[in-house]
Amino acid sequence: MNASRRKALKGTGGAAVLGLAMAAGLFRPGTTWAAEWNKAAFDTKSLNDAVKAMGGAGAAESKDITITSPDIAENGAVVPFTIASKVPNTAAIAILVEKNPNILAANFDIPQGTEPWVNTRVKMGQTSNVIALVKTADGKFHYASKEVKVTLGGCGG
Amino acid sequence: MADPMKIRANMVGDKVEVKVLMSHEMETGQRKDAKGAVIPAWFIQNVTATHNGKTVLSAEWGPAVAKNPFLSFRFAGGKPGDKVAITWTDNKGDKRTDEATIA
Amino acid sequence: MSRINRSVVAALCVAAGAALAQQPSSTVQEIEKYRAALGDGNPAELWEARGEAIWKEKRGPKGASLERCDLGMGPGVVKGAYTVLPKYFKDSDKVEDLESRLVTCMVTLQGFTPEQAKKDPFGGPGKKVAMDALVAYITAESRGMKMNVAASHPKEIEAYELGRKMFFFRGGPHDFACATCHGSDNLRIRLQDLPNLTKQEDARKAYTSWPAYRVSQGEVRSFQWRLYDCFRQQRFPELEFVSPASIALTMFLAKNSNGGTFNAPSIKR
Amino acid sequence: MKNTKIIVLTAAVAVAAGCASMTQRDDAALNAKALELMKASFREQGIAKLDRLVQDDVQRLCSEYSDGKALPKDVAERIEKAEQASIKYPADGKYLGDWKNGERIAQTGVGMQFSDTAGAAAGGNCYACHELTKQELAFGTIGPSLYNFGKIRGYTPDMQKYAFGKVYNSEAYSACSNMPRFGHNKILTEQQIKDVVALLMDPGSPVNK
């Protein structure tokens, strides 16, 4: 019993341990962990909750953020996005998919000297709004969004 | 053992453009196998890129990043011959670091 | 008279189909954008790298690598080998495609049994197989080269003719043949273009784009897999890996693509 | 001069005819060999047994008259007549089911593949080949657009019956059609076909909006 429990803990690794620790009230969201991974933010379902979990109060819509992606994805398993920010002092760029089980897909910290520009690919369970969220060095949040349609394909339906 | 990454780092104007492909299942934890059992989540959580020891990008990922992830970004201050190193860590604690030379 | 009517109707239908396909459609344009955006950064490169390592690795009971395998252009020649396959091989006295030839080499050079060599033809979730990686590596070594399948040996000619028959064979509960979807011009299934594989231009475009990294599956899929899964969707029984029928059909399609520039592994939906 | 020409022409015709009959014999042998090859290369898997390689008359004739060989009128008529007789219309004389179910059936393509479980409800996968509604962008073009099917043709009982028959057995109306015989080959149940007919023929269906 003990041995299997130990094995289970070992097998599932850091996240589960962190989860247990959080459940036990040992850590608060935002607490620095060995390799920082903001579990609270990745568990959220809405833009507002995600912003809160990342330490902000709210996010304002901005025209200085561009989302480049096809309007229609041939397959939701891989949807390419390029996010570019002209918001002064951009310190982080996050990609959120509104209708995914959890809204936050990825967050990139942009140190000084790195262009506020990322290109990556995310999964989309269905047609949804996709939000690019920018955090500035002074802790303010800005966002832009666009709808991406996900289509079914092939013979299998 | 995870497979090596494919990293390309090229000068684009005065900046270095980095393109990385990583070999990873990025299992969401939402899917079920043929017998109906949930396939546990298994995904890269942290990615760090360094140039001459300085972090040029760090990322936190959830399971919604696509399988066999692709990432591209650009940073200033690099020159041909310099090394760019990328490290990822997944939620099972598996870790991999690979390096590329800027062309 | 009735025959004329029929052909007039057919011609009209084709014209209508072409007009529909050529109509500027924002849906089709956006799908093109999607495909273009994936072009840069194809995870198939991960398979190619793994395949090269496996090609050079000493494996099997004989502890040998595959580096002396004759893929059709002499022992050890990988560059361009895929463009001449399928091909008749004297040592095995049969027409072989790439996957079949790799099985042969695993048996003769590395000492695997045929069953062992054929055991894991395709990868899947959490399962990486040597075959996919080898296929990705070897095909990538033909990128940019022109397809040049001879089909001149009597057994090659026979394979081509049998493959052609298979292509038009209707069966199963849905009455499907390969030709049902791939025998006419300018058709689409859902949003996916259906190449007319009986025509050189389309056959070139299609054949030279396999193997492919399928984003819907997160796997590199070989041409053997392409046929296996087509027949599954055709509601046929299971096409056996490197079976004579699979090689005959590959011969038909590969030869039809002669002169086309090979450009795979590609990336697809 | 003129005579020579005729003789040469006749000879050419004779040679061509001779070739044709020889090719025909070769063709039959090749067909037999291809079938033998397929039987040796496919194996039964799950619900898909090897009997799926045994062709019925429609499949055999439509395979024979393909690859550039036109379907003769008499053969087409023979097929259509035989298939027409096989259609089982609903005993209650009602053709319209629920278009909402019909839409689901039109969207899904599962069923009868060796990877599918026996007895699981199959789909019709209509969208793979046909445009049906303006809401679904991902439609194929193998078959004609069916958008406004009932609106254009009229919501008459005859048209309902035609739609039912066409889905039940497409070969009864157009020999060697690419469309599966959904009722005849027991892909869809009678109720499912009624639901698909409703999708096409119900004035409230998005097809007719």
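Annotations for the structure displayed:
First chain written, first letter: the chains are A, B, C and D, and each begins at residue 1.
FYI, a contact is a pair of C-beta atoms (placed from the backbone, for glycine too) under 8 Å apart; a residue touches a chain by one contact, two chains touch by 3 or more.
Since the structure is predicted, the reported quantities are computational estimates derived from the model, not experimental observations.
Of all chains, the one whose Cα centroid sits at the greatest distance from that of chain C is A.
Look at where the CA atoms of chain B average out and do the same for chain C: the two points lie 31 Å apart.
In this assembly, the C-alpha centroid of chain A lies 47 Å from the C-alpha centroid of chain D.
Spacing of chain A relative to chain C, judged by their CA centroids, is 38 angstrom. For chain B, the set of residues touching two or more other chains reads 66-67, 70, 72.
Residues of chain A in contact with two or more other chains: 72, 77-80, 121, 151-156. For chain D, the set of residues that touch two or more other chains comprises 113, 127-128, 137-138. Going by the touch rule set out above, the chain pairs that meet are A-B, A-C, A-D, B-C, C-D. Residue ranges on chain C touching chain A, taken from their complex, read 26-27, 30-31, 33-35, 37-38, 181, 189-192, 215-218, 233, 269. By the touch criterion stated above, chain D contacts chain A in their complex at residues 107-110, 113, 123, 125, 127-128, 137-138.
By the touch criterion stated above, chain A contacts chain C in their complex at residues 69-75, 77-80, 121, 151-156. Residues of chain B touching chain A in their complex: 15, 26, 28, 30, 40-41, 45-46, 54-67, 69-77, 89, 91-93. Interface of chain D with chain C (complex): residues 30-31, 33-35, 37-38, 40-45, 48-50, 52-55, 58-59, 62-63, 66-67, 70-71, 73, 112-115, 127-129, 137-142, 171, 178, 180-181, 185-187.
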